[in-house]
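Here chain A shows up in two complexes: once beside chain B, once beside chain C.
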Partner chain A sequence: MSKTYNCVSCKAPLEENLVICRVCQALQPIYSEVSPFRYFGFDPQFDLDELKLEREYLDLQVVVHPDKQAKRSAEECEYAKSHAIKVTQAYETLKDPIKRAQALMHLKGIELNLETHIQDPELLQQTLERQESLSNLSSKAAIKAFIDESEVAEAIVMQELSQAFRESNFDAVPERVAALRYAQKLYRDARMKLMHLTS
Partner chain B sequence: MTFLQIQDPSAKLPPQEKRSPVIGIDLGTTHSLCTYVPGGEGEAPQFLTTPALVPSVVAYHEEKFLVGEEALEAIQTHGAPGIGSFKRLMGRGLHELPDFLIQRYKMKTSSDKGLTLEVGGQETTPIELSALILKHLLKAAQDKLGEDVCEAVITVPAYFDEAARVATKDAARLAGLKPIRLLSEPTAAALAFGLETKEEGRYGVYDLGGGTFDISVLNLHGGVFRVEATAGHVALGGDDFDQAVADYLRDKHALVEITPALLTAARSLKEALSDKDRSPLPYAFDLPEGKLEGECAIEELLPLWAPLVDRSLSICDQVLFDLEGRAADIKGIILAGGGTRIPYLQERVAAHFNCPVFHHGNPDQLIALGAGFQAQGLSGEGDHLLLDVTPLSLGLETMGGLADKIIWRNSSLPTSKTQTFTTFQDGQQAMLIHVIQGEREKVEHCRSLGKFELSGIPPLPAGRAKVEVTFALDVDGLLTVTAQELTTGTSQEIQIKPSYGMTPEKIEEMILDSLENGQKDMEERLTAQAMMEAKTLASEVENALSQDKALLSQEELSKIEGALKALQQMIQNKALREDLSQQIKVLGALTEAFAEKRVSQAVKTHLSSGPKIQ
Partner chain C sequence: MAYHNRVIDHYENPRNVGSLDDKDKHVGTGLVGAPACGDVMRLQIKVNDEGVIEDAKFKTFGCGSAIASSSLATEWIKGKSVNEAKAIKNTEIADYLALPPVKMHCSMLAEDAIQAAIKDLEAKK
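Let's turn to the complex of A and B:
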């Protein structure tokens, strides 16, 4: 189904990431068309092993970081330079659930607009009420409780989004992503409010 | 066609290209030092300065600039004019500085040198002053290592902005050093801590230097040191704690003002009280303003220090905010910088983060040590890797003077981000790209890094043209901004150099001067100065004699005339600088009484002639 890539040097198939050949350690050229999932050697799915992502990111940085190129050829240095930026970009896309959802939808041929609002009137009403109640809170304890609730709410939306992807229910994705954006903003606003209250 | 290279086996092999040692420098607000970490395994890091800490002080005494201990001594024993803490001026503009400083150092803005100030009547800049310190360190390093040194890793506060970083690089180049990397101070401290202790996990670094405060959180894992968040303040440091103690002494002893001598006394009192068991502590200081004797209990100082500690901790909260859930995993706080010796501060930090604090025996040396390790790493030795972040967001000015961030603070370096903008007027054919740095929403509260215009946009209805702006930030924090109009492909690219500080041409000129001419140049400059001084004095004396000869006795007159003639002859013969200076002193001394008589006579005439209207 997906295209296979081979090492530029030893021709071995690249089964993991597209940065370095794990057989002969040669740096690979940049394939601009590949998704961040393929680039890191991950399956194109929403659920992701965060620890594995962190580990892979650091391992790849050790390979491509500009400070680690003392013993490379000029050509490889050029590859490394582009990889250094691309590794971070791909990592950031994979790590952020919203960007990750957007990248997955892109693979399905659907462009996700991140500016859209929640469509379901009931959910929208609920969210606005939550925002309103945060602005009325003034005690630290109350804001802390609100933060805990928001964290749970965000986790629930994440679950729903993950489920939509697992069930290939792509029509549900835009609404879930919008809800996640609102939930994240609420959580962030509450934490910001607490910080300003404390300091 | 290929020839085999034939070598005479008895001849010496051509010397392998050996890189000269790369040193690590902590260029601090109150003191500086440098280190070297040899490449070989198990070789101990070396401190290259003796004594280890060089005061970051410059004085002007006997027609030359002195640095470090020499400068301090000249200031203390000869009352020579001098300056310290000039790191706080790096990359600053006149409008950012308090009036008293501007007046004290006669600060001005010049078109090619940026902020200038006067030390002992000599015009200089914060960059040149820093270069003097760096030159001093470089010489110490070369003497100690017995080798030529030309490259260095230099530490800067994590929260230094672009202008201050560029100023630091300029200072290094002026001192004849290639700054191969500017390293954030807290990152350096974490590197030294991690490599020495082999600890792994998430650690905070609370770094209170003489004049700057930084907080960074790093994750240390398998030789990779990854900065996760950083924040700070460029004008909060140990100096402020000294100032608080000086305030206390001033109030207690009913003194009028805080003098440098009082500040020194305050600092030593602070240091003595940092030893818990010594409170209350009797003190006795013999200062120009009188003898200060008394007793100080640490409890008296805490209310003065508390607001400073509070300020630093609220900055820490910003980092905890940025870390989100990861904040709970902080295993400990590494203390760096001399300012962290205060036990009260250590307790507050531990309580705030709710985790143990790690205190290096020499917190002043930790940062320089880290710089040494990074220098080793960048020489291709060592197997650690540092992943640093940009401390301040970078963005563009958009409609209504708003700042639109493109690269957010705490982004890993290197990085590149692209954003699309559009026109806001029908037929708009050019777009001003104004690059800014800072966290605030309004452009006027951020720092302007540069402006350029993208022209050649096809005339389209408002909102139709698409301009793609890419910000690329390399590991050195060097920013390249590219703007491209998508329908025509018109593109423009600039490397951002902040509009503060010295022009690149001026820096080049000064480097060439100092490299090519070195000592000779200095000597020539001083001779030229002495010559100018001699000429001025001679003409002044000549002029005065022609008017007020009558005020002098015959003996006085002949002495002055003799000395004047001698000086004029020296000017004509282009005498050596030492001789000129000597004769200037002689004539100056002889005419001192004469000048006074002239002044008092002028006052008399002035008074007797009644008020004048100009």
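Let's turn to the complex of A and C:
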């Protein structure tokens, strides 16, 4: 059951974000307990419309911008200041798949801590082998091919993570999040290596 | 933030890089990872019938502190008994390398790798 929020000014239900009432345009107070999903007016799910997120973010940034508060009350100006920080924080959480996964797990009452060391032999062995093969590459073409492979591998892990959430298979999430982190690292390391060769 | 000379020394001249035959029943392999920083560490030990670590090898992909921690770990455990190796604490590694607080977890990973290698060896018996 998700709690309903109403506009502090006109009392209309806030069906979209919790920053501004789309009916009377009043800025809303900060509800510290809300998830970044509810804050942006998104369903709490892993798959999200990235374009919609970007649009909403840009829009809300304008709404809470200090230069746009001239006609607002002192109270609303205070809300705007707090929202300016919170909008960016929520956006960064929603945009980053790992932070998004952590936020979703948090909603399920599970804290996903990446600082915990893992001993998953399959994932670690695979990562070690990939890192080893990257360190043996010396030509630009070979590194470029490696980058392409890494991009595909990362996309596959993203799909698996998305599937785990869709199927409410939360036990599988921590391992897939770790796999995503390693896939991102391989991709970044390969990009760095290519950059150093090119420069 | 400057690293201690010992970190730089182990990073630039890592000791005991390589691998041991995992199929050998005298060899224990510890494979551990820190997803937060994307580090992977493999540490292997070869133990003789007297329970002494004859050889140790490692392969680490990660930051300088992780490489230095695992390199130092292999150096320390060589010639020690399994029980002595088991007792090595990450704080000893961190103190020796003068790791800053943000890099403490790298020494923790090395300790975990030693423990995992010993556990793997014991599971083979």
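Keep in mind that, in the parts below, the second predicted complex is superposed on the first by the 194 of 199 C-alpha atoms of A that agree within 3 Å, B and C clash if a C-alpha of one lies under 4 Å from a C-alpha of the other, contacts with A are read in each partner's own complex, and residues count from 1 in each chain.
Here, a contact is a pair of C-beta atoms (placed from the backbone, for glycine too) under 8 Å apart; a residue touches a chain by one contact, two chains touch by 3 or more.
None of the values given here were measured: they were computed from a predicted structure.
Of the two partner chains, chain B is the only one touched by A:85; chain C is not.
Contacts of A:125 after superposition: chain C is touched, whereas chain B is not reached.
When the two complexes are overlaid on their common chain A, residue A:67 makes contact with chain B while staying clear of chain C.
Of the two partner chains placed by superposition, only chain B is touched by A:198; chain C is not. By the touch criterion defined above, A:181 lies against chain C but remains apart from chain B after alignment on the C-alpha atoms of chain A. By the touch criterion defined above, A:117 reaches chain C but does not reach chain B.
Once the two complexes are overlaid on the shared chain, A:159 sits clear of chain B and of chain C alike.
Residue overlap on chain A between its contacts with chain B in one complex and with chain C in the other: absent. For chain B in complex with chain A, the residues that touch the partner chain are 221-224, 226, 310, 313-314, 317-318, 320-321, 324, 377-380, 385-387, 412, 414-416, 472, 474-475. Taken in their complex, chain A has these residues touching chain C: 114-121, 123-125, 127-128, 131-132, 177-178, 181-182, 184-185.
If you check the complex, the residues on chain A that touch chain B are 58, 61-62, 65-68, 70-71, 84-85, 88-89, 191-192, 195, 198-199.
Only residues 31-36, 38, 40, 42, 59, 61, 105, 108-109, 112, 116 of chain C touch chain A when the two sit together in their complex.
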